[in-house]
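Below, subunit A partners subunit B and then partners subunit C, in two separate complexes.
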Partner chain A sequence: MEIKKTTLNQIEIFEISGRIDANNANDFEKILVQSIEEGATKMIADLTNLEYISSSGLRVFLLIAKKIGKNGFIYLCSLQPQVSQIFNISGFNNIFSIFENREDALSKA
Partner chain B sequence: MENFLTIPEEILLLLIGENGGVIPQDKNFEVVLAASILMDLAINNRLDSDTENMILVSNTPTNNTVLDEALEMIFSNKERKEPSYWISQLAVRSKEFMEYIAASLVLKKVLKVENQKLLWFFSKRKYPLVKDKEIKEVKLRVREIVFSNDIPDLRDIVIISLLHYGQLLSLVFTDTEINKYKSRIEKIAMMDLIGQAISKSLAVFVSTTFSSVTKSMLGIKSPEEKLSLLIEEMKEKYRIADDKDLPSWLIKGTAQYQKTLDFVIKTGHTDIYYNKKKDQYFVEKSKYISEKTFNVQLLSYSYYA
Partner chain C sequence: MDLSNVKIMVVDDEVDLEPLIRQKFRHKIRNDEYNFVFAHNGLEALAKLIEHPDIGVILSDINMPEMDGLTLLLKLKELKNPSLKTVVVSAYGDMDNIRTAMNRGAFDFLTKPINFEDLEITINKTLEEIWQQRNAMKEHDQLISIQQDLSVAREIQQAILPKTFPPFPNRKDFDIYASMVAAKEVGGDFYDYFMIDNDRLGFVIGDVSGKGVPAAIFMAVSRTLIRATGVKGMPAGECLHYVNNLLCNESVSCMFVTVFYGIMNMKSGELEYTNAGHNPPYILSHDGSLIKLEATGNTILGCFEDHIYNTKKIQLNPNDDLFLFTDGVTEAFNKQGEIYTDERLEKLLLSVNNLPVNEIVNKIVNDVDQFAQGVPQSDDITMLNIKYFG
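So, the complex of A and B:
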């Protein structure tokens, strides 16, 4: 897993590539939680290059959504079909705002 | 934050609380308990899952007897990845696990133990609540999350998933509430992948109608025939296809099987289970002794006297 973070108009954009599973879910969580603790309330996770996500990875998104709560948002965009399927099966598509691409996510932010 | 109770403890507590302090003999409960063990291991980062498989992450002990026993079983057979297989294997040992869970709840001063004498030689063990703080807390937490639109915690997802797929929602909700919040409950129940995989298997087990050994035992049979009936029932009940997946004490031709048979001969019936850690056989004490069962047991005792 690799994460590249950029900031645009106070929105933190995380480009996540590779796999998120039990081996690296803790690291992933730490990075996102640290951003929240530093004051981030608006986040976009760009999943263009995310190939695989397990239950452990989904839990991190759940935790982050809970931590941000109503004070901000975490939008997801550019999900690959196999990742999108997992979000649909778990019903996470009902919790998260999911966009086709980063531009759409930014326009709603 | 460390949770005071494990998921299996919370589930057993809900059931015991509803059942007047008696460990339920409900057929669903054995598989719900097994599923709750897997789910707790997942929450504690020992297992992970995707849409197809259960993934073994770490066998670092949790320092909980039941969870660590399960962890040892799972890691000793890394080839089996289907949650349904592990539900059946853990469910076979559910009576043994229930003892440990109840004992743990007693140690945590949530339950106390009462032994009641029935007739002149049967006893029934009860576990009344010491205080209802914990059970109220579990119910309140689950109810609040279902009645709100908040994003649930992982632990709440797991409990709701177990109650939903194990057909145990009535422990926490009224029928009206279940109907009113059906959609919300279903949405929460599906939120965790391991919960979903486990719960699908759970639904299969729960919907199964089990045969009754007791009925078959009404005709007098030899100890070996009785034990064979128990094995057949276990295979059907826990969806065990291969004899090698039976618990070791029921695999024919082994020294342990002979010990089991000796115990059946000694006690006269097959309402028994084997506690691997203690290396001891037990007769199910906590069962209500119905007139029919009592007569069967008397028949058995007189037959082998």
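So, the complex of A and C:
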């Protein structure tokens, strides 16, 4: 797993690549939670290069959404088919705002 | 670790040594880099060790009244404290005593008259060695505690999974077989089944997010709540609605569980179910076709209070199999980083209908194992197969 963070108009964009599973979900959580503790309320997770996410990774997204609450958002975009399928099976596609691409996500932000 | 916490004990009957050392190392003493304790013979040194348990380095003379340095070394050896290091100080050329001291476990030696530059190097080297050793011990302790954590999680998981097959040997109208191969860091998979009444079998398969003891406890709580609620015989969706609200109170830091809960009526062949974010099971039809059970439009248990779980129904035919699994099956990885996939599972399932329940499950267990080419599992691999004879 690799995470590249950029900021655009006070929106933090995380480009996540590789795999998120039980072995690195804690690191993933730390990085996102740290951003929130530093005051971030608007996040976009760009999953263009995310190959796989396990339930431990889904839990982190859920935790972040709860931490941000109504004061902001976490949008997801550019899900590969196999990642999209994991979101659909778990029902997370109905919980998160998921966009086709980064431009769409930014335009709704 | 702060090395100033490690005290240095100087053991020598020469009373002039203490002021000399205090003078030579006054800067280091003032800066708290060195913290000295003084004793004048071996016996007194042992007493000081009890008084100052933070002594790490001992600089000891050999010829002393009451108890000499060589005897002190023997006594220190009995303490079996590996992070206690003794440096002996001996007359120049006293090779016999130095050899004896080294054989009795001395860490190093110095010769008299003391060269203070050399003494400082020796003290620093000894402190460094103690630091490394204590660090290694700390890491070792952490490793042990992680291993204990894992074995507790594994025990919880193994204790709640039913493992006797066939589970209902008197029933000729259905058969059940299940398999759970745990990942090294237990993933939190579980399955369960129970008779609601004479006709209806309740069954569940689930996967808790996360690993270790917290996940194992959440799994045990989930399984217990589903079973206790399920045996009351309420519709599948209602059952998970009730369990979900209870689990929402238990869940810390958004831990959740995906669950498929079904009720099979052995008299009518009707299957009702609800799916809380779990991989959809398959019906291996008696005619060889494969049906993926439609989702009920629901999500995981444990996070969203008052989520309404829908119940769907489907009619089974005699000799149909219901095959349930967790994502450890379809998301197994091989050396090339490829995923096992739903497609590979479906292809295999199409070739196994009409086999007994245990053979169906074992064929898939073996195929996943072959596919993974020895790559360690990152998740538990769990399957449950129920054959309806009618």
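Note that in this section the second predicted complex is superposed on the first by the 109 of 109 C-alpha atoms of A that agree within 3 Å, B and C clash if a C-alpha of one lies under 4 Å from a C-alpha of the other, contacts with A are read in each partner's own complex, and residues count from 1 in each chain.
The definition used in the following text is that a residue touches a chain if its C-beta (ideal position, glycine included) is under 8 Å from a C-beta of that chain, and two chains touch if they have at least 3 such contacts.
The structure presented is a predicted model; accordingly, all values stated were derived computationally and were not measured.
With the C-alpha superposition on subunit A as described, subunit C and subunit B clash in the combined arrangement. In the overlay built on the shared chain, the residue A:92 is in contact with subunit B and with subunit C.
When the shared chain is aligned, no partner comes close enough to touch A:8: not subunit B, not subunit C. Of the two partner chains, subunit B and subunit C are each touched by A:66.
By the touch criterion defined above, A:22 reaches both subunit B and subunit C. When both complexes are overlaid on chain A, the residue A:56 reaches subunit B and subunit C alike.
Residue overlap on subunit A between its contacts with subunit B in one complex and with subunit C in the other: 21-23, 52, 54-56, 58-59, 62-63, 66, 86, 89-92, 94-95. Those residues of subunit B lying in contact with subunit A across their complex are 42, 45, 48-51, 55, 57, 151, 153-154, 187, 190-194, 196. Every residue of subunit A that touches subunit B in the complex is listed here, in rising order: 21-23, 26, 52-56, 58-59, 62-63, 65-66, 85-86, 89-92, 94-95.
Subunit A makes touch with subunit C in their complex at residues 21-23, 25, 51-52, 54-56, 58-59, 62-63, 66, 82, 86, 88-92, 94-95. Residue ranges on subunit C touching subunit A, taken from their complex, read 183, 185, 187, 207-211, 253-256, 258, 276-280, 295, 297-300, 303-304, 327, 331, 337, 339, 378-379.
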